[in-house]
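Okay, here's the structure, questions in a sec.
Chain nomenclature is as follows: A, B, C, D and E, assigned in order of appearance, with residue numbering initiated at 1 for each chain independently.
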Amino acid sequence: MIVDSALYRDGVRVRVDCHKEDLTAVRDQATGEGDFVWVGLHQPAQDELDQVAKVFSLHPLAVEDAVKAHQRPKLERYDDALFLTLKTLWYVDDNDAVETGEINMFVGRNYVVSVRHGSGAELHSARLDLEERTAVLGHGPSAVVYAICDRVVDEYESVLDSLQEDVDEVESSVFSPDRTQDSQRIYVLKRELSEARRAVAPLREPMKRFAAGSVPLVSQEAAPFFRDVADHVIRVAENIESLDSLLSTAFDAHMARISLQQNEDMRKISAWAAIAAVGTLIAGNYGQNFDHMPELHWRYGYYMALGLMLGASFFLYRQFKKSGWL
Amino acid sequence: MIVDSALYRDGVRVRVDCHKEDLTAVRDQATGEGDFVWVGLHQPAQDELDQVAKVFSLHPLAVEDAVKAHQRPKLERYDDALFLTLKTLWYVDDNDAVETGEINMFVGRNYVVSVRHGSGAELHSARLDLEERTAVLGHGPSAVVYAICDRVVDEYESVLDSLQEDVDEVESSVFSPDRTQDSQRIYVLKRELSEARRAVAPLREPMKRFAAGSVPLVSQEAAPFFRDVADHVIRVAENIESLDSLLSTAFDAHMARISLQQNEDMRKISAWAAIAAVGTLIAGNYGQNFDHMPELHWRYGYYMALGLMLGASFFLYRQFKKSGWL
Amino acid sequence: MIVDSALYRDGVRVRVDCHKEDLTAVRDQATGEGDFVWVGLHQPAQDELDQVAKVFSLHPLAVEDAVKAHQRPKLERYDDALFLTLKTLWYVDDNDAVETGEINMFVGRNYVVSVRHGSGAELHSARLDLEERTAVLGHGPSAVVYAICDRVVDEYESVLDSLQEDVDEVESSVFSPDRTQDSQRIYVLKRELSEARRAVAPLREPMKRFAAGSVPLVSQEAAPFFRDVADHVIRVAENIESLDSLLSTAFDAHMARISLQQNEDMRKISAWAAIAAVGTLIAGNYGQNFDHMPELHWRYGYYMALGLMLGASFFLYRQFKKSGWL
Amino acid sequence: MIVDSALYRDGVRVRVDCHKEDLTAVRDQATGEGDFVWVGLHQPAQDELDQVAKVFSLHPLAVEDAVKAHQRPKLERYDDALFLTLKTLWYVDDNDAVETGEINMFVGRNYVVSVRHGSGAELHSARLDLEERTAVLGHGPSAVVYAICDRVVDEYESVLDSLQEDVDEVESSVFSPDRTQDSQRIYVLKRELSEARRAVAPLREPMKRFAAGSVPLVSQEAAPFFRDVADHVIRVAENIESLDSLLSTAFDAHMARISLQQNEDMRKISAWAAIAAVGTLIAGNYGQNFDHMPELHWRYGYYMALGLMLGASFFLYRQFKKSGWL
Amino acid sequence: MIVDSALYRDGVRVRVDCHKEDLTAVRDQATGEGDFVWVGLHQPAQDELDQVAKVFSLHPLAVEDAVKAHQRPKLERYDDALFLTLKTLWYVDDNDAVETGEINMFVGRNYVVSVRHGSGAELHSARLDLEERTAVLGHGPSAVVYAICDRVVDEYESVLDSLQEDVDEVESSVFSPDRTQDSQRIYVLKRELSEARRAVAPLREPMKRFAAGSVPLVSQEAAPFFRDVADHVIRVAENIESLDSLLSTAFDAHMARISLQQNEDMRKISAWAAIAAVGTLIAGNYGQNFDHMPELHWRYGYYMALGLMLGASFFLYRQFKKSGWL
């Protein structure tokens, strides 16, 4: 679906007298020095994209990649165009899952074609934001690339914040006095972090290259802005690593807790078993059938036996309390 | 066995009036600028390969490597030829195993000799596909190298998909409420991943070099295509790593589960033992032989004792249920 | 808040006839070769910082970073200025926690603007110290950068010393004969170390570049001083790593201890259970109702039975003591 | 001991009219372009080696290294000579151990002195092999270096094969239904792998340099041969790593098995204990001394009790069988 | 304390007519080409070192480092001098501990000032050794640097040998049939290895630079000697790593052993409990009070019961022996 297509002249959107899907018409008017076209597509069908590709002479290999939406983040240079793939991330509260989409961008001297898959990183609002910042938009296609990267990386940060909260929850759960079963939660979080890592890590390289101003078609003046984005990507990547290693430590602590609880349970159980055993032993003793057992004939022998059982139990109970077994 | 040998002229297969095994005759006709010969061998005997080597003056060390079929993936340059070794992978459903074969390619200015071992990556169909894409095949030997690499790497991806499914199965098994014995399955999957890694990881370097267009005899125009292949290889390699680390986490979770189940079992067992012990203690008490035990002479003493046993058991049972021990 | 602003001429603070907040006035007097201005801010409001930015023409992206205070340590170069971000660390005894603040510095040819967030690394005293070392201060803005870096890194070292003490405590606790629950403590320390790592590790690169004398606006003559700082940063980073891996080992040892204690407890419990069981068995034996049981009619049969119980118990007790089960 | 010394001219051994230990005489005849001397020593005494050193002007530091036989594999260049140290490996079946020896080579323009320690990599047979391949030997000292490296690396491969078999055995043992104690075996194998790694890993660098043809005194024409050796070294090194990580996984699986067996044993034990407890409880019940217990006076009361015990036991037995506890 | 100060001319110690502490006098005589002064200090006081610094114009930052003795090993270049810091290691048998000291060296064109802290690497004997090797000493300050580095690294090797022995002891302990508590020992050894690593690892870089002959003031002719030292440093560093990973494996094996022993103990205990339980059950059976229990009236009923108990116990005992539970 073609979401929007527009011609920008010196950072200002120019009204074009044609339907937004008549891309050839739009493109033909981008003749001036500061003119460029931005076409935004969302999950386009093959033929839709083919048509766009024809208008802007996009490289067939890149077009193929843009349709499939199972790429690694990457920046590729074709003769007179760039092809940039970003993974978008968003957090689904219902099941604490991180989901991934993809944005592909074709960048030429006077056009940008952005192809979005999945529901992350809504671009139309990014376009509206950008249209209000004429100074920025005046930098041409670079500004669009920057705006989209910035938007995507901002979403990474909010995903990371959500994961951070999850990790905090796991942490409290692991160290709560309750018996908890955190291993599945930890596993799922590690899997989500691994997914986030696959989206974020490969992006460092392209952002660094933008920040160094060494990519043709991306304006050198935009370098400080991309440096900012690159910085955020690195911070996100570092956070992923430290959350991951924190989870490993939390898992170990969880294991230690299970072992300790097992030990405590065992001691508690054994203490009670001992208390029962001593009673059984005393009762067994007076259940013997000897002819000559003086206690049996005592007036209060039975009560003595009962007292013995209770006393021994109580004595043991107190001992166990003192030594921490109960 | 010589599977096929053919002369291509500007991307089109040329009928040659000689048997497909008469390689000298085939070769001698490859005189024009856009001519090249592609000889496909499958598990050739030593002398068969020696004969081919003589026709194309292949380097003896490379020929030796091509016979043994226990090489690492590698790209080597001899004076006027390239020698490329790829490992093929395929997944055997019966035992969830990954098996490996090997493809060796000798690439000269106007010939390609491909030597396949094992049953993976059937090349004849790759040849037929390629013969229908005259434009591609017109790039000469580079096109053949690309087609074979692409085919092999596509198979990597399908192997990875199968392994991904296996990992998903392990994951559900580990977190199912049943008692499962996943450690052997995890071990086997890690071993298979390790085998896949050995096939895939060393291939990144040669593909990157092809993609950079810095390998003689491989056309610079083919670079974007190899960039695509290189990209897939990197993605496969990354997936191997993340599956591997996911399996490690799953194993840890499996261990945690075993410990938790042990703990639960122990508590369940102890609870029932306590219930039995309290009955035995009461019975023991009334089995004592004291002369003076009033309860023994009560009309309903026995029923009282039975009631006491049942009551105490039921009381304990309810307590244990409440505290989660049962 | 503007903490202080001053004009320095050849290393000496010059009295300026204007309020410390009238920065334009201060700046305008910094006309000579050896003149520079140092403005120190502490958690400035947005508009406060905007005003300073206008006076010194600071780059808007850097200004934005300086307000947010959630940056990675970094050194960035703008046209005619440097922007340096440091994380400050301090140790809070109450909860063994490491807290982080941030210092941002804008460095120009004849000015330094330092922006501090959080309560770590008090800078005003650093300024007073520096003002007494005219020779050093005479190097201009570089001296200020050095003094602040030095101060911050010194605080890293004291934080590390505190963490080292904590690790020593954990170590004694793990190997004490008591039952200890060290896993939470270890977890918290690893989390603090991870926080410290995030502050320290990225600083190595900027310090190395200062030490190499390859950063414009930072005097080459200051290189040996920065080499000193860089050295300290590396040492701190190494200490973080070795404390971290020591904690991992301590955790493993803690787990081994839990297992060993579990084993010891189980053997102790079992030994006592055996002692009780043997008594119960003997009593049970003489509780049988056979017509013909000679012992029952012996004069001292009962005492024999008691003696048997005690003797067997004592015998077992001694055996268990000898074999280490008790 | 001087094992052999010979003069080679254009790849052919030349009869020299002097004793093999009269090295000066041998050397003096190596005057032509294609002439060189190869002296082979086995565990030479200090003075023996000193004498050889004098004849060929070997560097004293290298000579010292060659005597001590506790070097890392390395390639060093002295003014007009190379010094190469290799570790030899061999597998001792008796105790599954990997043992190490050492070969040192001094390589000059027209001589090779090889010094072997330990019983691995017998060199005299390598010499005889080489003498039959005149073409190869005609490359001079490089051919000798290649032949020895090739021989040593071939032995690495056979050692690895043996270790692979050991790992396979451990694997079957770990997953066999028997109770096995594999941890010591795994430990020993990891130690052997670590020893092999120390021999193999440092050799990659020198072999790569030979393969790149960038080492003086080693003929560029030999580069493809060394590339082959380098390739084998890398493959061996990779196999070491993957065996090592396989053993780690096997160890984890072993731990999981122990835990599972512990759990199974505990459940089996508990089930039988429950069966015994229920019988004891019933017997206890009818051992009570109440005046009024109707069952006691039944004609077949005792048989009913016995039946109850057996019935309850059988019932429990069947339940436990069904639930998998027995 | 100034241990010694001397003037060397072409490798020979020259008698100087002044007290060894009158450094200015000594220095002033070092006028010739082959002259240099070597001042050796041991834990100098601040003012002592200040005085030396004045005589040789040592850089204040380096002097500060030399007093504090808490540096990382490093090599720094000042305008016309080198500053080298080494950590010394020695092994204290009493508590299996590795202790660390420090040696700092100031190296100029015609002087060496060595400052030693701690009791490791006694330098005066190194001086005496060196004074006997005139040829070596004739290389000037480089010879002193080499001699000290060589001495220090030799001590590393002897420390590593001691640690190797400790690891061997741990290994035998872990796999001995006894119950051992090796985790503390392993922990301590890992801590010592970590300390050794911090001393050794950073030294690789400076030694490599000396070995490459790329450090001014250090003679290129000394390069082969430093290559030897560099080689030893690398070997020591590798040994540290492999001991460390061996200890990790030993720890895992220790854990496996604890688990196995737990399992064995549990089975042994359970077997004996079963034997006791069967006796108790039989006795309980004949303790029932039924009117009609034929066995009770048998002549040898009691002996039959005793026989039953013994027989059942013995039967169980044999079964458990056979199945390995006892």
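The rule is simple: contacts are C-beta pairs under 8 Å (C-beta built on N, C-alpha and C of every residue); 3 or more make two chains touch, one makes a residue touch a chain.
Keep in mind that what you see is a predicted model, and the values were worked out from it rather than measured.
Colleague: Which neighbours do subunit A and subunit D have in common?
Modeller: B
Colleague: Any idea if subunit D and subunit E meet via the same residues, over half in common, or different ones?
Modeller: Different; most numbers are used by only one of subunit D and subunit E.
Colleague: Could you work out how far the Cα centre of subunit B sits from that of subunit E, in whole Å?
Modeller: 42
Colleague: Go ahead and note the Å separation of the Cα centroids belonging to subunit B and subunit D.
Modeller: Going by mean C-alpha positions, subunit B sits 26 Å from subunit D.
Colleague: If you look at subunit D, which of its residues touch at least two other chains?
Modeller: Expected reply: 255, 259, 262, 266, 273, 277, 280, 284, 287-289, 293.
Colleague: Among line, ring, star, complete and other, which best matches the way these chains touch?
Modeller: If you draw each chain as a dot and join those that touch, you get a single closed ring.
Colleague: If you go round the ring from subunit C to subunit E and onward, which chains do you meet, in order?
Modeller: If we begin at subunit C and move next to subunit E, the sequence is C, E, D, B, A.
Colleague: What residues of subunit B sit close enough to touch subunit A in their complex?
Modeller: 171, 174-175, 224-225, 227-228, 231, 234-235, 238, 242, 245-246, 249-250, 252-253, 255-257, 259-260, 262-263, 266-267, 270, 273-274, 277-278, 280-281, 284-285, 287-293, 324
Colleague: Sort out for me which residues of subunit D touch subunit E in the complex.
Modeller: Within the complex, subunit D touches subunit E at residues 59, 61, 65, 71-72, 74, 76, 78, 179, 181, 183-184, 186-187, 190-191, 194, 197-198, 251, 254-255, 258-259, 261-262, 265-266, 269, 272-273, 276-277, 279-280, 283-284, 286-289, 293, 295-302, 305-306, 309.
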